[in-house]
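This report concerns only the one structure given below.
The first chain written gets the first letter, and so on, giving A, B, C, D and E; residue counts start at 1 in each chain.
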């Protein structure tokens, strides 16, 4: 879950634009899916590497190239020279610690954002960087190659001939991809919300240090998610208000819708965060309550038994001349005295509302 | 009261614009009320479903359709095709986890906001989403179909022939509906303020963990309310400054008035929130005070009786040669010593201002 | 001092513009003072009710009507129809829970703000709403009718023929009224500052729970004051930058001066607030210090006397064969041992810097 | 150090523009220094009062009048009428609780700011208000007349014929005066930083309540300084971006430089503030650490000696039939038992990592 | 690491523009490296002082002068008069407590920022001020002369004839230098992140006061870094949006890239800061947990042994007439009673969930 970039320093001193993969190397090889479609036709191919430039069909055929896995730097170089992409963009695609952003290069747009997944076993958040380059009649998307493919529903949807997606340009495809990613945030948030409620139950039943650690861990995950989603808000609103010719005005309302979803994700995040803060406060104040309880018991015990022990100690002294010891009813009298002291202390404690 | 969306993820992967009800299914069937009115005439009808397009009367007759209950998706579809409403709007009407917002589609405006009710028994806040679509001479409002109908006073008011409402267009009706919703916030806030005062009394009389939980619960309700009302501020000020032809300039001052009320709601919320924070602080510092009190008692008891017990223990030793034990006035002397020690300790404690 | 509106909900469902007094009914009847003046002449009359429209003198005679007491709704209605005031303004004048604001209606300006008084006995802040409507050659001010009249100095000042006030229009009179209200804030703040210093002295001498409650109460008063003064800042700066013809450019510098005073009030408020926060911190940390002190005493006592009590208990055992008990110098030896243990413990405690 | 205005209320009800000294009356009489200079000539005179208007030399001769002491209101009146200064400006010069600000009156500029001095003995911050009125070829500065004169270096500098100051107009003199005041803030900050380090050393060596009070006191001083310097930032940037003809474009870069210094002062303030907050946190958590330490010792002592005391008490009972008491090796056996219990408790405590 | 300027006050009263080194004097003498290059040629020279103006080659030859060490004020004066640099810029170069900023003087740009290094032994952050003046075909950089030279990679890179750097003007060289400095921040942050993880491990294993101090120290370092990097963001975005002719439009995208890196540094800083805050919270709440643990043990011990001691004390009394003492099975009965009391207390404690 660490968002602390550990590898960027490797590049210190290299010229800007030098291609080098930054981030944990994800397992698995590179897989390239190419889909070409227009309203009437759809062709689907898969490659393992990219040795020559794909001949792009003329408009309105849209070419979608999905590159899954960033280990083959030469695929990126190939792509860069075929499509005339700026070296800094290629560098950013490989540096998987980018902040979500959208950049307009006139001929093409570059969008980078984060997919988030919650590992059900380790309960860790995993993030995967998705880079999208969109041009006049093509869209190229890059994933880091983690397991699972969020884009599958889009692919299925594309195969439906009546889908609106088939009639529109690559900007609409961009929206579909972003939409699927943002919708996935809701999935992650729902799982997190369930866990938050589990923790809340623990907090009421039997709060332990583990509960506290769990709360802090979730807070950090919230922070991590917030950092991934917060800049996305600006990215989407930037695309929406963009004057780029690559974004068709008709996409505006869909992007507005996407923007609303992003804001909702942030709202839910904030609600969860607030819940966790409240849980933390409750944990701490219940800890202080328990301390109070414990101390009260200690004080009650001490308040009652210390005076009693003093009295019995008194009559345990070995003085030769202690008249009480010789009295016939000395012992019962002392027992009465002890009962009186104990009772008085109990009354005092009760008046103090400790029991 | 949960504002954590639990169902949005169901839609992951579906094409945008797919109609699907998101949110807890509210009980009860759909009810459709249609009111047509102008300055001189008012007609009132009720339907259970919408099978064909309502023939709209020409201006200045205003048609108000109030749909109570969102379970019949086909009503929405019917409405959408009759009035030419964008599918994303229909989707938003069904997704009952929207953030309050206003969108201008030229031909019509879409406004969504939250009604809030406080359940007197469970003390939970319930929220109901209200969507309003307003066109040239019609207004369609959608409620989730919870019990109670806030719009009743507007209906009554409409029947009054001299009401200003009868002379104006649907924008004025919009204002009347929003006004009634915002006024209702005051009602909820007053109930909450009463409860806050109850809690404050508890805090002074006998603060318990239940009091603390109650404070946290109210704080969360404040948070929930704030999230519902805060975006409304922008919605109303957006409508007011709108250049849409659907909002008549004469409504401006009424919307300004509504805006002032919204700000007042937020102000009251903030005051309540501040009150709760203060109560929390008082709770915590009074808990720490009580700990101090308890510890003082313990320390006083221990300070007095430990030395005394030591002395009586001393003379309880069984040494053969302990001259004091044989003294004629050994016992009274020890009693005097004990009184001196006890008194000295009391003086010390008093000098420390513990009692 | 409560700023929680308890009566606004009464109006739920009524048409906007319905006149109804909101707020605590202040005692006393309505009093109407009418002053007409120009550079050379001043006429002063008092009424108990307003039955007909006052015939306004032509410019440059300025008419100042001061209405003290809002119980007679018909006075307002009369005024509204005579001067052509919008019903929403009349409604706002009666609703005494307004946020300070200024509204420009072209023909007239509406300004609403708060007078604050500190009751010397109950130490509560009382607030009175002041509404001012200013037109071409008239100014009408409404007060809630509490005891005391802040406007008296203005009236006295007006009677001075050489006063600048006599030469200028109603905008200058507006400035004079606002100035007197803002100056009064300083008075209240000075009293509060004195009390804050009293509390500070208590904090050093003998802090009790009462001190704590006093601090929280003052903090709430600060909050209350802040809410009354903060929007005033915008009101005054709005008037100053206003392009209304009712505000003469020559008043600009006076309004700027007033603005500076308002900012100064807020600055002083902030300083007081910061002082109170610091006092709270000191209270809490001194409470924790006292706990530490108490616990130290307890621990010192226990550390010294528990081992001692063990030793004397040891020689209080009744074993038949305990050689030490028979020793000639057993008792003095044990006394030495006890002194050694006690001294050693004292040394240990001193090394720990507890005493 | 109090920034709570205690005297402004005196003016309540007076007409704006009434001259009255607000603030603590500073000791000493008024002293007026008049310097007239151009590139080639410099004349220096001192007056005790101002009975007639000073005949101003034509440009490029610059006249600098420095008034030290505000007790003679008539000096101000004289000055006001000679130079045509607005009464509100004169009022502001006397009211020594102004917030730093700059006002452009076309013919002249009015700048007011604060000099700060740290009294080495009482360790209190003292503030002195400096008002500067700058016209076409004159500059009049007003000080409250405290001991010490910050402007001395400027006077010395002026006497140097080659100084840039001699060639430029009064705006450059204004810059020189402001520069000397801002530089003085650094001096004060350095002294405060030294004290902060002293306190930090105390915190490590031997933190007491006095340390805590010292921290709070410094925090308040930071707050006080911040209030004096923060508005200055806007004042300087306002002068820099001013379109007044009185500020020569060539001064722009010098004012930018001054602005940078002001920001640096604020930065240093913030750093010091952060340092103090950290020190406060350390104090509080070290207090809680010490409580932990104390409680551990108490618990260790009690855990070891309570069971031991019980055992010796047991064999101190006087039952007739207690076989152990008669045993030959009963006493050594009990001693062994006691050692075992004590040792076991020690092991337990060690396992808990308390010692 | 101290960012508190200790020497600026030395300059109080001096005329602005007076050259004087402010800051800790760094050891070592001044070293001047001059590199002249264009696409085809590169010449590299080193000087110890600057006695005469370097004859600048005409465009497109770029002259880069790197001055390492600020002790020789005359080098700066020489440079100032040769290149026509404003005295205030020279002053700023020497004052090593500048806030990062960029200033456009038309003919040249002045950029100042901070290099940060983390001393591996003392774990202190060291900061070195870097000033860069860039003109039409030259760039002069000033370092304070600390050990290590971050610019070495740029020098190496320049020697590569195919480097893009060789084809571009001094603005590209500026970018290269800034890039190398920002990349170095990542290096520092990675080291800090490693230490933060070490501290986190300590926190789980065995938190001590040293851990706490370490956390506070890192927090201060974060604060220090933040102050160095935060203004840089504005500097870079200012350069990027600059309309200066000295910044070639083609550099825009590289500066945008640099800007993204700066934002990423700030993001990482924020993450680290948040981590530290969480660690602090965990430390404090685990301290309070341990207190609870300790108190529980104390209370358990006292709750069990105080009643037991009372009972044995009771039968240690020396009354003549105590029937139980004579009973045949008095002793075993008391033993049973003691076991019952002890067991009952244990049950009570277990019901309270203390063990």
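Convention: a contact is a pair of C-beta atoms (placed from the backbone, for glycine too) under 8 Å apart; a residue touches a chain by one contact, two chains touch by 3 or more.
Note that the coordinates shown come from a computational prediction; the quantities given were computed from them, not determined experimentally.
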By label order, what chains touch chain A and chain E together?
-> none
Type of chain A:chain B copy interface by residue overlap (half), same or different | different
Note: chain E sits from chain C at a C-alpha centroid distance in Å of 43
Between chain D and chain E, tell me the centre distance in angstrom, where each centre is the average of that chain's C-alpha atoms.
-> 26
What are the residue numbers in chain E that touch two or more other chains?
-> 288, 291, 295, 298, 302, 306, 309, 313, 316-318, 322
Chain C - residues contacting chain B, complex | 3-6, 8-9, 11-17, 86, 88, 91-92, 97-99, 101, 103, 206, 209, 212-213, 216, 219-220, 223, 227, 280, 283-284, 287-288, 290-291, 293-295, 297-298, 301-302, 305-306, 308-309, 312-313, 315-318, 322, 324-331, 334, 338
For chain E, which residues are in contact with chain A within the complex?
-> 152-154, 156-157, 163-165, 175-176, 179-180, 183-184, 186-187, 189-190, 193, 253-254, 256-257, 260, 263-264, 267-268, 271-272, 274-275, 278, 281-282, 285-286, 288-289, 291-292, 295-296, 298-299, 302-303, 306-307, 309-310, 313-314, 316-322, 352-354
